[in-house]
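All chains are identified by letter, namely A, B and C, in their written order; residue positions are counted from 1 within each chain.
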Amino acid sequence: MAKLELSHLNKTYSPKIIPVKDVSLDVDDGEFLTLLGPSGCGKSTILRLIAGLEQPTRGEIRIDGKNVTQHSPGDRNIAMVFQSYALYPHMTVYDNMASGLKLKRVSSEEIRRRIEQVSLFLGLGNLMQRKPGQLSGGQRQRVALGRALVRQPDVFLLDEPLSNLDALLREQVRAELKQIFESQNTPVVYVTHDQTEAMTLSTKVAVLSNGDLQQLDPPRRIYTHPANRFVAGFVGSPQMNLLDLKCEGKFAILGNYKIPLPGRMTPPPEITLGVRPEHVRLAEPSDTHTLQGKVILKENLGMSDLLSVKVKGAENQTLRALLPSDRPWSAEEVTLALPPDLIHWFDVETGDRLTSENLQPVY
Amino acid sequence: MTTTIRERERRTGWMLIIPAMLVLAFVYAYPIARSFWLSLFTENLGTQLQPVFSGLNNYGRMIQDGRFWQTIANTMVFTISTLVLELILGMGIALVLNQAFKGRGAVRTIAIIPWALPTALIATTWAWIFNDQFGVVNDILLRLGIIDTGINWLGNPAPAMLSVIIADVWKTTSFVAILLLAGLQSISNDLYEAHSIDGASPWQSFRQITLPLLMPQILIASLFRFAQAFGIFDLIQVMTGGGPGGATETVSIYIYATVMRYLDFGYGAALVVVTFVLLVAVVALAAFFLSKLRTATTGDA
Amino acid sequence: MSTAQLPAEPRTQTDKSSISWRRILWITAIVLTVIFSLAPILWQVLTSFKTNADIEAVPTVYLPTRFTLQHYIEIFARRPFANYMFNSGFVAVTSTLLCLLLGTPAAYALARLRLPGERIILAIVLVVTLFPYILLFLGLLEIVRATGLANNYLALIIPYTAMNIPLTILVMRSFFQQLPRDLEDSAKVDGYSTWKMLLHILLPMTIPALVTTGILTFIASWNEFLFALTFITRESMKTIPVAVAQLSGTTVFEIPYGAQAAATVVGTLPLVVLVLLFQRRIVQGLTSGAVKG
């Protein structure tokens, strides 16, 4: 039995506005689940449904096997960290951390013990008597975390907790978050639109779009086996090349080049090819399938260059390739190779991932 | 049965709101409803202050009551002239208060003072200013050679009406100015700069930017002021008592006299009902225009 | 706050003479605004310090030939003016507190709790602010008579509380709507009930808005005339507006101008002090009560 279970959650505001359509997922002790998606995909709504700050139109939320769908937020034994930190401005750091425990009638000795422990852990020791207004952004963020930790909840909920920090601090706190929650052995649900956070922190990532769950997998697999075109395009930077190609026989046609379709598939009339820019490489003499093109744009990313290449014979198709910045590249003809095992295929209509298994055999 | 979160939230909501609503019902809804009921009875010295059902008699009496129509006319004269003057003056003051200058805060503070003071006290102040023997207005006009002998301001019909209008304009222009100032502050300076780069004169800017964008505030201020002026009581009661000879008697003053002096409760109630209906009609009309205007300017209802 | 507005100088016409012309015009306007707002009050202040001989001099004596405190002494020594001040203060403070106590929770419910019919309630509240008190006085008079509340502070406190509730709801509601929602959500997750949250989390943050609203309701209660005139007839129970308006000599022809002026000065002093201290808040409260509602 998973610690946190969502089954068939739906939130409907009006027939046209359905932020959460039908989401089911589990989070276990020690698991760190990230809800990842663009703004408006329903990830924050799901978090608020779990917290009880909003009520689902349909579906159930269970914590420790107990149905808490109609429990008030305070009765769910959850802790939540808000994007704005939501520290009570008129209370000291200590009182901010203690307030939830006091309401739960935890003894004041126990409260002091827990706060001491957490503040030691987070390095908040000397800030205890300050008010939030006297703290820096990073310190406030830590207090908000501390307030969640002292609760010793059944589930941690974090709503974009890093987005109000500046870039430098964000990386540092991200690393700290990872350490903190690895030591907790409590389920964590984390909402973000930042794929780096999702990739680095999570044990599981749920990619959402338009209120639907697109893929639920460990971060590595989200990257290597995107379930559909949306996930492929959303995860990974620079964005994956996604090209709609015509098919002929067992080949997809890209300009003058034929790319073999995998396995024994009946080729559909059209197919979407996906390949990450970092997987496109310069052709070597040993490559059998190569394609030529002309560099039309070079973007310097520091250790490598992102090249936009117009493929010969397919004037409207542009392939982007991440290549070492050891050559000037500009307006150059290049010969590229696409490693067959790093090519993804998607259905043009549905966007679903196509593999040799889920395609009909040719014979 | 466990209740849902939403149900509990609603229940709390009603518990938060009901005490306030009960007080409002007790002080607003009941007295007005009671007046509707009482207006169907004759209850005056003639009936020894016992209510006797008389149907719509009170309303029939009202139609033939010349004094009632005179008070309606007086009220309209008072309301419309104060409203127009306050809007013009209030706009002027709002423009002044919106300028950047040293000591603007102090001037703003000074400009609010008239609004904050008790109307009854202001009425005595203005009665003193318009005093026929020792009043400062007569003195200034005499010194300037505009008049030869002092005017008995509060003792003659037209000057008395003029006096109460001036006093009311002084008292409430600052309220209008505050509302309009808030509107002015919400208009971006970029608009004026762009407009003047296009070669518009200040007057054109005022006509083409300030006035249209300020329309919602102007309407809201007008609505508030209309309702308050229509029910004006304390200022006139203290300055002239409705005199001389009923020249400044407004509906409120008449209702008060009907009830408190003539002890004619049934007729007083009928007067209350008619005033209420008139006011609600005007407010509904204004609200309709306001919502139309809002839809037109901002696109949301 | 945005600053300079209206007549932005036309770029085509920047010769110095036209600019200084405009400056003179604006300075005149500012001076006129100040004179307009202050002159009548200053005249009362001057009158209050004049001897009766100066007051009744023809032609008018503008600056007193001799300062006197005789009128102030008169209103406090010969008339129960301290009493009037206390009555006004007590009634205004009590009804202000009651009004905040009743109106603030209602404002919160209307701002956040999504009650069915809240738009109708708001519309009613808005319309009620427009009703003149004369519409209420007949019905209230009956109640006051029936319950024997005449010459009782409650006869004023209850209507004053009620007449300020709409404004309280409008101002406080617009304040609550501006508060960050996260804070309330955080309190809910911490386990605060709506009541406790209002008391422990929101109230401390609401104090500035409560002060704003409180000032407006205090001013309105201090200034009310009709109910005070009708429901209170005992001299010792009267409030300032009625007492000053009824201040008279032994005959109609013997109006005590000086005492009246002194009474006006004293009776308006608390309000002038409030305005001086809280100008910004008053402006804010008035506009959020009227415009945003």
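Just a few scattered comments:
What we mean here is this: a residue touches a chain if its C-beta (ideal position, glycine included) is under 8 Å from a C-beta of that chain, and two chains touch if they have at least 3 such contacts.
If you're wondering where the values come from, they're calculated on a predicted model, not measured in any experiment.
Geometrically, the chain at the heart of the complex, using CA-atom means, is C.
When C-beta pairs in contact are tallied for each pair of chains, B-C comes out on top.
Comparing the CA-atom centres of all chains against that of subunit B, the greatest distance is found for A. The centroid of the Cα atoms in subunit B and the matching centroid in subunit C are 15 Å apart.
Mean C-alpha positions place subunit A and subunit C at a centre distance of 56 Å.
Inter-chain centre distance (subunit A to subunit B, centres taken as mean C-alpha positions): 60 Å.
Under the contact definition stated at the top, the residues of subunit C that touch 2 or more other chains are 193. Among the residues of subunit B, none is in touch with two or more other chains. Shared contact sites, meaning residues of subunit A that touch two or more other chains, fall at 52, 72.
Listing the residues of subunit B that touch subunit C in their complex gives 9-10, 12-14, 16-17, 19-21, 23-24, 26-28, 30-35, 38, 89, 92-93, 95-101, 105, 107-114, 116-126, 128-129, 131, 133-134, 136, 139, 142-143, 170, 173-175, 178-179, 181-185, 187-189, 192-193, 195-197, 199-202, 205-206, 210, 216-217, 220-221, 223-224, 227-228, 230-234, 237-238, 251-252, 255-256, 259-260, 265, 268-269, 272, 275-276, 279-280, 283. Against subunit A, in their complex, subunit C makes its touches with residues 180, 182-183, 185-193, 196, 200-201, 204-205. The touching residues of subunit B, when paired with subunit A in their complex, are 2-6, 8. Contact residues on subunit A toward subunit C in their complex (touch as defined above): 48, 51-53, 72-75, 78-80, 82-90, 99-100, 103-104.
By the touch criterion given at the top, residues 1-12, 26, 29-30, 33-34, 36-38, 40-41, 43-44, 47, 55-60, 102-103, 105-106, 108-110, 113-116, 121, 124-125, 127-143, 158-159, 161-163, 165-166, 169, 193-195, 198, 219, 222-223, 225-226, 229-230, 240-242, 244-245, 247, 257, 260-261, 263-264, 267-268, 271-272, 274-276, 279, 282-283, 286-287, 290-291 of subunit C touch subunit B in their complex.
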